[in-house]
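First the structure, which I've put down as structure tokens, then a few questions once you've had a look.
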């Protein structure tokens, strides 16, 4: 049976079905192999233009998309901008129209505001790939997380995944919760209530106050990045206290299943949400996440560059 | 897929090869390969995913039976196709498995049917990206003519006369067919 | 020419409970006679009102006309035309202009511009505090003299309870109702939509219902303290409606208004990041919409007011988080309220009451009545008129509506202000 991918854009995991996610994961496994070849390049996207529009600082995601595009032989153009609203008198709409005039096939967008990918998809003919929009979604990160989890755990059904820390502000957490739930895993979240968004239970998530309860018996332990400004905006008393009660360290990790893996979307604050021993320890698969990142993004660019705007 | 189903718009014209025919053809191809290469040749048999890969595997076994040991690999040419984005993108990309180095090897590229030559062109591009082999030779089960590129097979099982409206399909038990067969079809509505 | 004769319509007047077929005679800008047995005087302009309703002119308590200062969004002239097109004979304009209406000079300017526009009437609200900064009282007495109809710092909730108390007391001295944009702006800080599962899903910062309710509850205590008339602008949460219901039951002088969109739409709509679903107060939950409808029907909610807030593409065709709050409403309000009659929620009489007589009562405005001697502000409505919302056809400069493409039933055919027809809609119903 031939599988099809019916989406023109990758705006979020929300729009995907489980079968779409599995298709992307399977395809990513193929692209993983290309990165291991002596000549890490295939000619597939020759003559296709991919614009990386990064309006919020990012080095690793942008780099990952750039490598993915180049390994597929696409012409990859990086555009950066502060993304602050009309700071230069140019609105996002102006920018979209200007990009559209250059006829890109795919626009990869990162922006501080939620919904930016949706916005561009309404104003551009190109396929839009969301590389992180505000606190909303970061779908390629969720896909690479799923790919990494599948490599170690083989299947998702019944898997217990603990997502810890600043869930409120994390687009990674949102996309991971959506993706893993669709694939049949069970999600637990824990962190200070000031950093947990309301209504998570209605997404089928189990919410804990203390991370020990969430880690106990988990197959996957994922620590989220705590941004410096959370302390400044009064959501937590301070990083020291956060680390003491909500940091993933070896003694807390011991509560997880013996074969549990540790993940982090990066960049890490060692000693805040994750201790150095855990981050660099034997259970950490953090660097595998990065490797899968390129493969997943190759799969996405491949499918997006070939989708027809007329359909 | 079996010959009796899933061939929308196609009418079976004739059986080109049956089980025995395929077996005999592969054996004679194997003999030709042995005769064409000195005993110490560093041979890598590479099948084109999927049909060619199964045939390559059978040929490697036949060579082994005759005391010739070769390496076996396979390639998927989806990402090298010149028509990859005509129609919908193909979400299925098959595996490519080659030794870490192909430099200096004599590569026997195996496919089931040689038609326009475009698949072979893609496969050659992909192989060259892996390194610099000593030479690449092409072995096919069926050559049905109508080349669109200057590509010829070095080893041909059977050559048949066809028109462009014909379709030649190779069914192998490895792909789930009940028995090995090569069938020539004609398009039902030739408007 | 301020004489007019409306012939053979259905007269509906909530101020007197009148509902019968008949004619209406207007002389010199006032209603002179009405009923089934009239004949048109010689030489008067006669409007055929067969199959139409003749109602007191609709009054919108909550409109942003943007002038002075933001004329690219709306002017008094375009806003009044928009009002007339929607069947409104009068609008109450909010003071958050540039400069804000916190002085006699601005009030007089607005009234002068309205006179020139010569369309719907404008009753300006004056700012509670100087510059709407929430620090010290504006010159309320002077503005009252100049003609403001009520007080508000709309858009800038009065957070300081002491200032609020003083405003209630001082406003009462001049007979002015105090209209509060009820929102605890500390609780709602940074929010762009209702807080709930959908804000979590959209990754947008939420405004909790409690931000509105706690403010309404605080203010009700201050009403108890001061005895002043307090009006809640654009109420949106079930708990705030309940607070008003209880305050009314205790006999306190508390009133409130609801927008048409809070009677129909929920925060689920924000998931598309369509900025025409971004307003403040935000779209709430199904439960809240239900509470708005119940409250409107049982009279807890006194009026439907649009919170007409025109913005240009500069404020709206941008990122959701950065987009301005607010939508236009003048030209879509009437059919949305009439649809509640179709739904069996309101009687015809109640629908007209919430759009006309109710609002007039809250700020003690002229109009809201067809009784003899009343000012001849009259709206003639075709309750069966079917049309589709096309923002490009709006009289308002604003195009920001969440109702684009909606199929509406009901439209104002004649909008009459002081006996003068200021808007006339062709009756080619499709």
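Each chain gets a letter, A, B and C, in the order it is written, and its residues are counted from 1.
In this text, a residue touches a chain if its C-beta (ideal position, glycine included) is under 8 Å from a C-beta of that chain, and two chains touch if they have at least 3 such contacts.
Everything quoted here is computed from the prediction, not taken from an experiment.
Asker: Which chain's mean C-alpha position is nearest the mean C-alpha position of the whole protein set?
Answerer: Going by the distance between chain centres and the overall C-alpha centre, it is A.
Asker: Kindly indicate the chain pair that has more C-beta pairs in contact than all others.
Answerer: Looking at every pair of chains, the most contacts join A-C.
Asker: Let me check something: if the centre of a chain is the mean of its CA atoms, which chain is farthest from chain A?
Answerer: Farthest by centroid: C.
Asker: Centroid of chain A to centroid of chain C, CA atoms only: how many Å?
Answerer: Taking the mean C-alpha position of each chain, the two centres sit 45 Å apart.
Asker: Could you put a whole-Å number on the gap between the CA centroids of chain A and chain B?
Answerer: Computed value for the inter-centroid distance: 40 Å.
Asker: Taking each chain's centre as its mean C-alpha position, how far apart are chain B and chain C in Å?
Answerer: 76
Asker: Note which residues of chain A are touching chain C in the complex, please.
Answerer: So the residues of chain A in touch with chain C come to 14, 85-86, 91-93, 111, 113-116, 118-119, 133-137, 171, 174, 197-200, 202-203.
Asker: Report the residues of chain A in contact with chain B in the complex, numbered from low to high.
Answerer: Chain A residues touching chain B: 2-5, 23, 27, 30-31, 33-34, 37-39, 41-44, 72, 302-303, 305-308.
Asker: What does chain C use to touch chain A in their complex?
Answerer: 195-197, 199-206, 272-273, 313-314, 317-322
Asker: Any idea which chain B residues touch chain A in the complex?
Answerer: The contact residues of chain B facing chain A are 76, 79-80, 84-85, 88-89, 91-96, 100-101, 125-126, 129-131.
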